[in-house]
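What follows is a pair of complexes built around chain A, which joins chain B in one and chain C in the other.
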Partner chain A sequence: MLTLIKIAWRNIWRNTLRSSLVILSMVIGIAAGILFLGIAYGINNKRMEASIYSYLSHVQIHNKEFGERMETKYYIPNFESVEAQLKQIPEVKAYAPRYVFNGGIRSPRAGQGIIIKAIDIGADSLVSNLKDLLIEGTYLDKKRTAPIIIGEKLAKKLQVKIGKKVTVNYLSDGVEVASSFKVAGIFRSSALGMEERTAFMRRDDFEAQTGVSGQAHEIAIIATSLPAVNVIKEKIVAPGSVVESWTDLAPELELMDVMMDKIIFIIMGIILLALSFGIVNTMLMVILERTRELGMLMSVGMNKMKIFLLVLFETVMLSAIGGPIGMLFSSLMINYLHKTGIDLSSVGEGLKTFGIGSTIYPKLLEGDLLRIGLMVICIGILSAIYPAIKALKLKPAEAVRAI
Partner chain B sequence: MPIIKTQNLTKIYKDHSVEVHALNGVSLEIEKGEFTAIVGPSGSGKTTLLNIIGGLDNPTEGQVTIGDVDISNLSDNQLIDFRLHNIGFVFQAYNLIPVLSAKENVEFIMLMQNRPKAEMDERAEALLKAVGLEDQMHKRPREMSGGQQQRVAVARALASKPKFVLADEPTANLDSKTALNLLDIMATLNKEEGITFIFSTHDQKVIDRARRIVTLEDGVIVSDVQQDV
Partner chain C sequence: MHISILTKTFRTGIMLLFSLAILQPSLAQDAKEIMVKMNNKLRGNTSKSEMSLKIIRPSWTREMKMKSWAKANSYAMVLITYPAKEKGIVFLKRNKEIWNWIPSIERNIKLPPSMMMQSWMGTDFTNDDLVNESSIINDYTHKLLNDSTIEGRLCWKIELMPKPDAAVVWGKLFIWIDQKDYMQLRTEFYDEDGYLVNIMKGSNIKMLGGKLLPSKMEMIPVEEEGKKTVMEYHSLQFDMPLEDSFFTTQNMKRIR
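Up next is the complex of A and B:
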C-alpha cells in the first residue's frame, strides 16, 4: 500500500505543470467557494440580527389573550414576578418591557391605523436597533415633550417631517385617549409593514396618559447566545402568558436560515463538481499517456484492486493538496475580513433597506471546513472512478504495446 | 514433464466481418531450462503465441498447460495471480515504472507477492548485480541507457522466481553491442541457474544464441529445431 502511495505521489509530479494547474484550479475554486460561503453567512447573520434587533428580539412574552387584537387590557399577568425571574436568569443579556397596542395616527393631511410601542428608552436601546434605523431626527429622550418616532413610509403618507405635530388616539381599557406628539425621528426598515404601521413613543408618556403603571404588554428579551434562547424559554414561569422564541414568532426566518445553509452547500457542491471534471479530464489524459505502463503492471500480475487504488490515490492526492491549501487560504481571508469587514457602501443603500448595513463581516460556522473537507475528499474519490474504470478495461496484451 | 505444453492452439481475431487466423492449431512443448526462440516474419503469430502462453490472451480453441495447471480455464483474477507467481516478462520497450529506481522496480514484483522486506532487498541487489547494474541501483529509468533499462527489466522478470521468462522482441530497441551484452547475461542465467527463457524475435543475434528455434508462419509451426551454441 505504501509503495502504491509512493508511486501515486511521484506520478503526480511527472508532469509538474499539469498537476500544478489542476491543484491551482482546486485552490482557487475552493477558496472562492468558501469565501462566498463566508460572505453569504455574514449577510445572513446581519439579516437575522437586523430582524431580531428591529422587531423580533430573541424571546417575547405576552398575555395569552394578547394575540393579534393587541388590546390594552391584556397586560402580562404578574409582571413584577416575571421581571424578577428575568433578572435571575444568566442567559438573559437584556430585556425591555413595552406597552404595545393598536391605535390611529393623524396629521393635518392624512391618517393611518398603526401599532404603537411605548418603550423604556434605556432598556429598549439594549434590545432594539431603532437608533441605528433612524434616517432623520433623533431617538426618544426624556427632555422633549411627547416625542414619537415613525417610519419613513408613514411619514410620507402623513406628509410630516421632523418636528411636526401628529395626533395619536387609542383605546385604553375602553376609554379613548387622544394625544399630540411631535415627530422626533424617522426610521427606515425592511421589516414587513414596520415602516408603514409602527410608531414608537415613551413608556412614561403612555403611563401618564392612561394612569397605568408598572405593567407591560410585551417583554422583549435578548439572549446571551442563540442556543441560550431555548434555555430562557424553558426557565421562565409565567402562568397566563406565552413565552415565544424568535423562531416561534418568525418561523420563516429560521426556514430561510436553513435554506440558505443548504443553498450555499449546493453551490459549493456545484463548484466542486465543476472542478472534478477538470480532475477527471486530467486523469483520463494520464491513463492515455500511461497505457503501456498500466499494461505492464497488469501483465506482471498487479491485480485490479491495486490498479484501481493507484488511480484513486493519484486523484485523491490532487484533491488532497488543492483542497487544504484552498481551505487554509480562504479561512485566513475570512478571518481577516471578519475583523476588518467588507465595505459595500456602493450598494449600501440597498442593503440598508434590508436592515443589513453597508459593512459585511464574513464568517464560517463551526464544522463548515470539516464538511467542505469531506466534500473535497468525496469529489476526489468520485473523480477517480471513471478514469480507474478506463484503466481497468485495458487489455494487458494490447496496452503493453500501446504507442 | 514439460514446463509449458500447448495443444492445438487456435486464435482467431475478428476485425469487423473479417476473420484473421493468428494461430492455427499450434502444439508445442517446452522443457525446463530451455533457451528457445520463436521466430518468424511479422504477422506469423509469434506475439500471439507468447501472449497466450503468458496468460495475457485467451485462445479461441486449444489448451495451455503450465506445469500441471491448465491456464485456459483460469478466471481473470486467477490468471493475474498465476502470472505474478509463475511467469516473468521482458518487453520490447522495457516498460519500467519511471518513478521508481532500478532497485525499486525489481522489488516491486516481490512487493506484490508480499515477500519480506529483507528478502526483497537482498534479492533485488543480487539480481541487479547479476545483470551488471550493482552501481546503478538507485537510478531511475530516465537516467539509464536503453540497454541498462532492459537489464533492469530482466532482473525484474526474475525477481518473482518465475517458472519461465517470456521475452517479446527484447533486443528490438537495442544496438548490436548492447543486444549481445543482454543476450550474454540471459544465456548465463539460463546456463548457470537453469532459468527457462522463451523469446519471440526476428533478430538474428538472438536466433544465433538460442538452443531451440521454433519457426512460425501464418500461425503454423513450420519448423522446430535444436542447435548447438
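Up next is the complex of A and C:
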C-alpha cells in the first residue's frame, strides 16, 4: 500500500507542468468559492444586523392585544415589574421602552397615515441605529421643542425639509391629540415600509401631550450575544404580554441564515464539479500516455485492485494538494478582510437600499472549512472512478504493444 | 401761549396714541367676531344636505353625489348616492371617530386616525378637513386687513396666523368674508415659507335652507396644474329634528 502511494506521488510529478496546472485550477476554484461564501455570509450578517438594529432588536415585548391594531390603550401590563426584571437579567445589554401608535402626519401639501414611535433618546440610541440612518438633520435632542424624525420617502411625499412644521394627530385612549412638530431629521432605511410609514418623536413629548407616564407599548431589547437571545426570552415573566425574539418577528431573516448553509453545498458542489471535469480529463490523458506501462505492470502480475488504487491515489492526491492550499489561501484572505472590511462605497448607494452598510466584513463558520475539505476528497474519489475503469479495461497483451 | 399750544398738541398726540392702542385689540376682536359669525352661520344645530363633488384631474374627472346629515359639531353622516359603483357607501362621524360602511362587502370599518390625514375619497379634501372645522377660530390669531371685493361683493380680508403651539401646518391664511351676509368667499392657504398652496373659492351664491350661502366651493391646489375639487350644494336644510340615535353604526346600514 505504502509503495502504491509512493508510486502515485512520483507519478504525479512526472509531468510537473500538467499536475501543477490541475492543482492551480483547484486552488483558484476553491479559494474563489470560499471567498464568495465568506462575502455572502458577511452580507447576510450585515443585513441581519441592519434589520435588528434598525427596527427589530433582539427581543420585543408587547401587550398581547397590541398586535396589528396598535391601539394606544394596550400598554404593557405591569411595565415597572417587567423593567425591573430586565435590569436583573445579565444577558440584557440594553433595552428601550417606546410608545408606538398609529397617527396621521400632515404638511401643507399632503398627508399620510403613519406609525409613530415615541422613543427615549438615551436608551433608544443603544438599541437602534436610527442615528446612523440619518441622511439629513440631527437626532432628536432634549433642547429642541417637539422634534420629529421622518423617512426620506415620507419627506418627499409631504414635500417638507429639515426645520419645517408638520402636524401629527393620533388617538390616545380615545382622546384625540393633535400637535405640531418640526422636522429634525430625515432617515433612509431599506426596511420594508419603514421610510414611508414610520416617524420618531420624543417619549417625553408624548407624555406631555397625553398625560400618560411610565408606560410603554413596546420594549426593545438588545442581547449581549445571539445565543443569549433565547435565554432572555425564557427568563422574562410578563403575564399579559408577548415576548418575541427577532426570529419570531422576522422568520425570513433566520431563513436566510439557514439557506446560506445549504447554498454552501450547492455552490461549492458546482465549482468542484467543474474542477472534477478537469481532473478526469487529466487522468484520462495520464492513462492514455501510460497505456504501455500499465500493460506491462499488468503483465508482470499487478492485480486489478492495485491498478485501481494507483489511479485513485493519483487523483485524490491532485485534489488533496489543491484543496488545502486553496482553503488556506482563502481563509487567510477572509481573516484579513474580516479585519479591514471590504469597502464597497462606490456601489454602496445601491447596497444601502438593501439595508447593508457599504463596508462588508466577510467571515466563515467554523464547520464550513471542514465540510468543504470533505467535499474536495469526495470529488477526488468520484473523479477517479472513470479513469480507473478505463485503466482496468485495458487488456495487458494489447496494452503492452500500444504506441 | 406757545407752550400751551405745544402741550395741547402733545396731549392730543398722547390721546391719539392711547386710542390707537385701544383700537388695535378691538380691531383684532372684530376680526375674530366676524370669523365666529361666519362659522356659526354655516352650522345650525342640525343640517341635512344634498351635494355633488367633482374631482378634476389633468387627465380625468369624476363626479360623486351624496346626502349628508349633521348634528352640532359631533355627529355627521354621509351617504354616497352616485355613481352606481359607490352607491350606498356611508361615512359616519361620531365625535372623533369615523366609520365607513361598505355595502358591497357588508363591512363596517372604523377608520384609524392614520387614515384621517389621507385624502377623502380621492379629493383634495382630507378627512381631517371634514372633521376639524372649528380650528379656524381657536388655533389662529385673526387680524382684519383692508376691504376688497370678490364677485362684486364687499368683503373683509382677514389674516389668520396660527398660534405658536397650534397643530396647524399652514404658515398663514387669508380669508375673505362677505360684509353683508358673512359668507366665506375665498380662502388662501400659505405654507411656512409664504408659498401659496391651496385656494378655496366660494361662488354661485343662493338661498339654501333659508340662508344666503355660496353653493359652490372649489378647492384648488395651486402648484398642481389642472387639479381641483368642486363641491356643490343642491339643497340644504337647517335645524330639523334629528335624534342622536340617528348617528349610529346600526343606522348606517339602513339609511337611503
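Going forward, the second predicted complex is superposed on the first by the 399 of 403 C-alpha atoms of A that agree within 3 Å, B and C clash if a C-alpha of one lies under 4 Å from a C-alpha of the other, contacts with A are read in each partner's own complex, and residues count from 1 in each chain.
Just so it is clear, a contact is a pair of C-beta atoms (placed from the backbone, for glycine too) under 8 Å apart; a residue touches a chain by one contact, two chains touch by 3 or more.
In this text, all values refer to a predicted model and were calculated from it rather than measured experimentally.
S.K.: Superposed on chain A, are chain B and chain C clashing or fitting side by side?
M.R.: After superposition on chain A, chain B vs chain C: fit, no clash.
S.K.: Which partner does A:Ile381 reach: the first (chain B), the second (chain C), both, or neither?
M.R.: A:Ile381 contacts neither chain B nor chain C.
S.K.: Is A:Val300 touching the first partner chain B, the second partner chain C, both, or neither of them?
M.R.: Only chain B; A:Val300 stays clear of chain C.
S.K.: Regarding the shared-chain residue A:Gly104, is it in contact with chain B (first), chain C (second), both, or neither?
M.R.: A:Gly104: touches chain C, not chain B.
S.K.: Touching A:Ala191, do we find chain B (first), chain C (second), both, or neither?
M.R.: Neither partner.
S.K.: Is A:Ile114 in contact with chain B, with chain C, with both, or with neither (first, second, both, neither)?
M.R.: A:Ile114: touches chain C, not chain B.
S.K.: Considering only the touch criterion stated at the top, classify A:Ser179 as touching first (chain B), second (chain C), both, or neither.
M.R.: second
S.K.: Once chain A of both complexes is superposed, is A:Ile267 in touch with chain B (first), chain C (second), both, or neither?
M.R.: It touches nothing on chain B or chain C.
S.K.: With the superposition applied, I'd like the minimum CA-CA separation between chain B and chain C in Å.
M.R.: Across the overlay, chain B reaches chain C at a minimum of 82 Å between C-alpha atoms.
S.K.: Under the definition above, what is the set of chain C residues touching chain A in their complex?
M.R.: By the definition above, chain C touches chain A via 96, 112-119, 126, 128, 132, 165-171, 189-192, 197-198, 221, 223.
S.K.: Sort out for me which residues of chain B touch chain A in the complex.
M.R.: For this pair, the touching residues of chain B are 51, 54, 56-57, 76-77, 80-81, 83-85, 89, 91-93, 95, 97-100, 104, 108-109, 111-112, 156, 160.
S.K.: For chain A, which residues count as touching chain C in their complex?
M.R.: Against chain C, chain A makes touches at 102-109, 111-115, 164-171, 174-176, 178-180.
S.K.: Considering the complex alone, what residue numbers of chain A touch chain B?
M.R.: Its residues touching chain B are 3, 7, 10-11, 14, 292-293, 295-304, 306, 395-397, 400-401.
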